[in-house]
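Both complexes below contain chain A, partnered by chain B and then by chain C.
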Partner chain A sequence: MPIETVVTGLGTIGPYGFGREALAKALAAGKPVASEVDRGGGWHREGGSRLAALIREPDLSRWIPPAAARRMSFPSKLAVAAGKMALPDAGIETVASEGGRAGVYLATAFGPVHNTEKLLRQIFLEGAEAAQPFYFSECVANTPAAQLAIAVGARGPNVTIVQREAGPLLAVGRGAQAVREGRVDRALAGAVEEIPPLLHALLGRFGALAQAEEKLAEQPRPLDRRRNGILAGEGASLLVLEREDAARARGARILARVRWSGAAFDATAGVTDWGTGHDALAAALRAGLATAGGAAGISMIVSGASGAKRGDLLEARVLKAVWGEAPLPPVMTPKAVTGEYGGGILAAGLLALEGKALAPFPEAPELDPEIGFSPHRGAVPEKRARVLLTGLASGGAAAWLLLERAS
Partner chain B sequence: MPESPTIRSKIKSLLVSALRLDGLAPSDIADDSPLFGEGLGLDSVDALELVVALEKEFKIPIQSHEVGREAFASVGALAAFIERRLAAAGNADAAS
Partner chain C sequence: MPRVDRAPARPRTVVVSGLGAVTPFGWNVPSTWNGLRSGKTSIGPFDRFDHSGYRTHVAAQVDLARAAPRPRGKPARISLADRYAVCAAREALSQAGLGGGDWTRRAGVYFGSSTGGMLENERYFEALLAAEGGARRRLPRMSILAPQQYNAPGDAVAREIGIGGPVQTVSAACASGGMAIGDALRAVRSGEVETAITGGSDSLCRLTYAGFNALRSVDERPCRPFRKDRAGLSIGEGAGVIVLEPLERVLARGARPLAVAAGEAATCDAYHMTAPHPLGAGAAEAIGAALADAQLDPGEIDFVNAHGTGTPLNDLAECEALASVFGERARELPVTSTKSLVGHLLGSAGAVEAVATILCLVAGEVHPMPAEGESDPAIGVQLVLGSPLKLKRARHALSTSLAFGGANAALIFSRPRPEDRDAD
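Now for the complex of A and B:
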């Protein structure tokens, strides 16, 4: 009998608050959890995006003692807090089973960029000798994963995945694979992100962010005709992954089984944009799903569509190519609420499987003829045995995750 | 020569701000409390942070072999070390 990987715990922190209930409430409301970005640095373009899904004044002391927190960047703190939140949710005190190995698989698109900014500012303005060691040690992309491993005693593989919007799904896919292949007994897998003002300004200058237009408020509108960019969002979501037989043996509550995970690359993509290679991506998705019962068994799609003009179009074309003449299952777009980055989609996918509502955004969607369908609104369909999560990244990376109910 | 209370006060403020000792006020740090191990519980990474902060604050170079010896034993010892270095550099004004 093949080894299966299951999800037994979830920790999530975002602009919506701490934990699954806070996220569920925000998703049900369907309103972007956005607030004003500090534009005092002078980096922002006039008339550009003003909002981001930011975590305001987070008190993480219940998960991180002050002596440890002072050595951590904000993303490290978020990752450690979400990881430590996930463990009791899984009914375990430590990620390492007795004598076993535990891995950490964590995605981040930009890493601890605020520390990098501070470090470079010191070097440029005061000289290299004035650079604080703390900013150096906590400015590289893999420090949140390392801090998380230290905090929870995960002594196995420690992997950081930097693949933008595809990262969270790739991280869970890698973690699930490691569990399935017996390389680790348990894994913490997910994503973390921070959005400091400078990064927000840079994303705005790249034209990535949603912005207000005449008679149109600034907000992300995934798969909608009026979409004009993403809502940048920060947060952390961590999943506890373990072998299904081991989880059942200890009487764990099983949130989902990782039925399949897959990845592909769109070679037509530019460095900072989505490509047009929907046929190749669809072929990869179709082939992967064929090993897991096919597309017909999928009852919901939790889409990575975020409001990006070309990204959403590529997403729609891939899905339509895979389903062909068959009707698409309901497509949900949680990034309209959580924003892009930070792994909120992972938590939303699990909640969708549980039956929690995921409204796309508060106003009525307008159909984009090129896309040909609108996001599902309101309650999750009764039939939800399998949920497909999708993540197509600017720059070409693509990832999918097929979760199924296992109880 | 007893070291300046101003230097001790500056060092305590630096310890709190540069090392992000949240929840600790400069006045909570005793002059003779050990900086490393027991006492404040600082470690080698903190020592690096502290050297950078002291060099910036007092505008004196500190060599790596000077760290972790008697000069860095406590706030009082560190203040005496700083004062000696400032006097040697003819830069006592920086302490005021």
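Now for the complex of A and C:
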């Protein structure tokens, strides 16, 4: 009997608020939860993007005592709060007694980048001796995962994966593998990100962000003909992963089974862009799905499409190549609401299995002939049996996650 | 001596078929090995950036005048860390006898980096600050920032080789390289990939140099791990790359395995962001779990390539961990620290030290640390000092990486058994 990994808890924090109900509400409303970025630094390109999916003054004191919070970067706080939200959602008070049998697998694209900026300002403007130890220790990419481990007492592997848009799915895949192979009994797996103004401005200067055009409001339009960039977003989403037999033995509610996870690379991609190697990526996805019942049993795709011009086209070509002549299942694009980064796609994938994730597309889609299909819009009428989550990263990495209902 | 619970039998033996290195000793494995054997440190004055305003003035830098050819891509979009990574990967693949071909579809890259292209990021940032202070806000060219990402070195390797399988970069500070190799070992064992190109790369940068100075963790002199007067680490740069494959695959093409990648494990202290657990509890758990993974008893380990940073707390905690795993035998266990010779390579430290560990196994000797200085009497291990230690037995070796945030990684490499060395 193979060991199965299941998801038993979810903690999510984003511009939509705290927890799955807040996210479900935002996805149902189908509008990007964006707000104005502080452009006072003068780094933003004129006429460029003004919005991001930002978390405004969150009160995290339910999860983090103030004395501990002051020693944490913003991403560390988000990760700790989401992790401490996920554990009780799974019916678990703490993993401290399990110690080395509990691991953390966390993805981030940029890490605590605001502290990096502050530290560099001190070094360059005030001199190296002015550098504050706090900014250094809390600018390293793995500090959110480490702070989470300290907060919940997780002494197993503490892994921070930095693979841009593919990171969240890779992190869950790695966590599920560790549970399946018996290296850990439980894993907290997910993603965290912050979007301070300078990072937002630089993403805009790279041409990555959605922006207003003539008669077109600034918003992300995944897989749509009019798409012109992503909505940068911050947040944290953590899943609790454990063995299915152990979860059932303790009477836990099972949110999903991790049926398969896989990854590949498109070597045609540039350093900061997507490539054209959809055939090879499709072959990898097809081969992986074949080990898990094939594409035919998938009833919904929670797509990582974000509004990026080349990224969405690559995503569409991969999916079309895998499904071939068969009709594609409904393709949901939650990043239209949550923005890119922060693991909102993980939480949305779970909600999709529960039948909660409603049409997260902000307006009537316009078909892009090159893409050949539009994101699903409208209510999801029934619970979904199998949901494929996709994540294609700029730079070439790709990751997929197949979740299924376990009951 | 404590025993460990062995893991169940495994179906696949994973071996090392190629090594690559870029270190302050040179742009390849032979120059690195010669430097390591010399016992003379490469840590000293450096000029990668202006450090006149810093508290300390030594580091171990790679000589760019002897640089290898650049990898593919636009020069502005390739960081120094990318160049180190690609150069080391090319060397490792060449030794493994893997050229271009179909194998890349079933191959993956598992890399570690703590700062990626931070050096180039800093150049952009410096120009940005100048623009902020100037009358006209002309911001610097964005291409400088392109390789800024943590995942850039691993991606650059994958792009250079044309990898089709999984590509994953771990950023777990100073344990990044060790953890990446551990992930790669798992991936080959499980059949996720047939070939794993794994390791790490980092370059010197102001952020880490100033940051460790701010923590007062950097020694003003070249670091002296396990010495009585040790006063901190020395930062270095470079890359280490290892090719991992199933034994049968290497033998099938007539190649010879250099070593067996026998075991790995990772743990977290969950204790403090910048200080190790004083008893090295997390490190001991990682070593014990790696031994179990390798199906070895502590008594079978013949030497240790320690994390050995030279900071007072880390060295003590690490020796506590060794004592708790190896018991009384720890006092006779040969221990060396590659960091004493090439500095602390941060995200690539675990990778370069894994390369060094394998080279020691192949040579049947442990590379020394510099002879100068008095050993700390509180350090209960046998330090290898001054000249290489010829081993009576070189069967199994342990390499440890202990990081910021309490992340620990332990790797065990073994000499191939006679029957593993060729197809006959």
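Before moving on, here are some points about what is shown:
Everything that follows uses one rule, which is that the second predicted complex is superposed on the first by the 399 of 407 C-alpha atoms of A that agree within 3 Å, B and C clash if a C-alpha of one lies under 4 Å from a C-alpha of the other, contacts with A are read in each partner's own complex, and residues count from 1 in each chain.
As a working rule, a contact is a pair of C-beta atoms (placed from the backbone, for glycine too) under 8 Å apart; a residue touches a chain by one contact, two chains touch by 3 or more.
Small disclaimer: the values here were computed from a predicted structure and weren't measured.
With the C-alpha superposition on chain A as described, chain C and chain B fit side by side in the combined arrangement. For chain A, the partner with contacts to more residues, out of chain B and chain C, is C.
Touch criterion not met for A:391: it reaches neither chain B nor chain C.
Judged by the touch definition given at the top, the superposed model places A:125 against chain C, while chain B stays out of reach.
In the overlay built on the shared chain, the residue A:30 is in contact with neither chain B nor chain C. By the touch criterion defined above, A:133 lies against chain B and chain C together after alignment on the C-alpha atoms of chain A. When both complexes are overlaid on chain A, the residue A:69 reaches chain B alone and has no touch with chain C.
Contact with chain C, but none with chain B, is seen for A:206 once the two complexes are overlaid on the shared chain. Between chain B and chain C, the smallest C-alpha to C-alpha distance in the superposed model amounts to 7 Å. Comparing the two interfaces of chain A, the one with chain B and the one with chain C have residues 71, 129, 131-133, 137 in common. Within the complex formed with chain C, the chain A residues making contact are 41-43, 71, 99-100, 103-104, 109-111, 116-117, 119-121, 123-125, 127-129, 131-133, 135-143, 145-147, 149-150, 153-164, 170, 174, 177, 181, 183, 202, 205-206, 262-265, 267, 269-272, 280, 284, 395-397, 399.
Interface residues of chain B facing chain A in the complex, by the touch rule stated above, are 18-23, 41, 45, 48-49, 52-53, 55-56.
Across the interface of their complex, chain A is touched by residues 51, 53-55, 73, 77-78, 105, 108-109, 113-114, 116, 122, 125-126, 128-129, 132, 137, 139, 142, 145-147, 149-152, 155-156, 158-159, 161-173, 179, 183, 186, 190, 206-207, 209-215, 265-274, 282, 285, 289, 403-407 of chain C. By the touch criterion stated above, chain A contacts chain B in their complex at residues 66-67, 69-71, 126, 129-134, 137.
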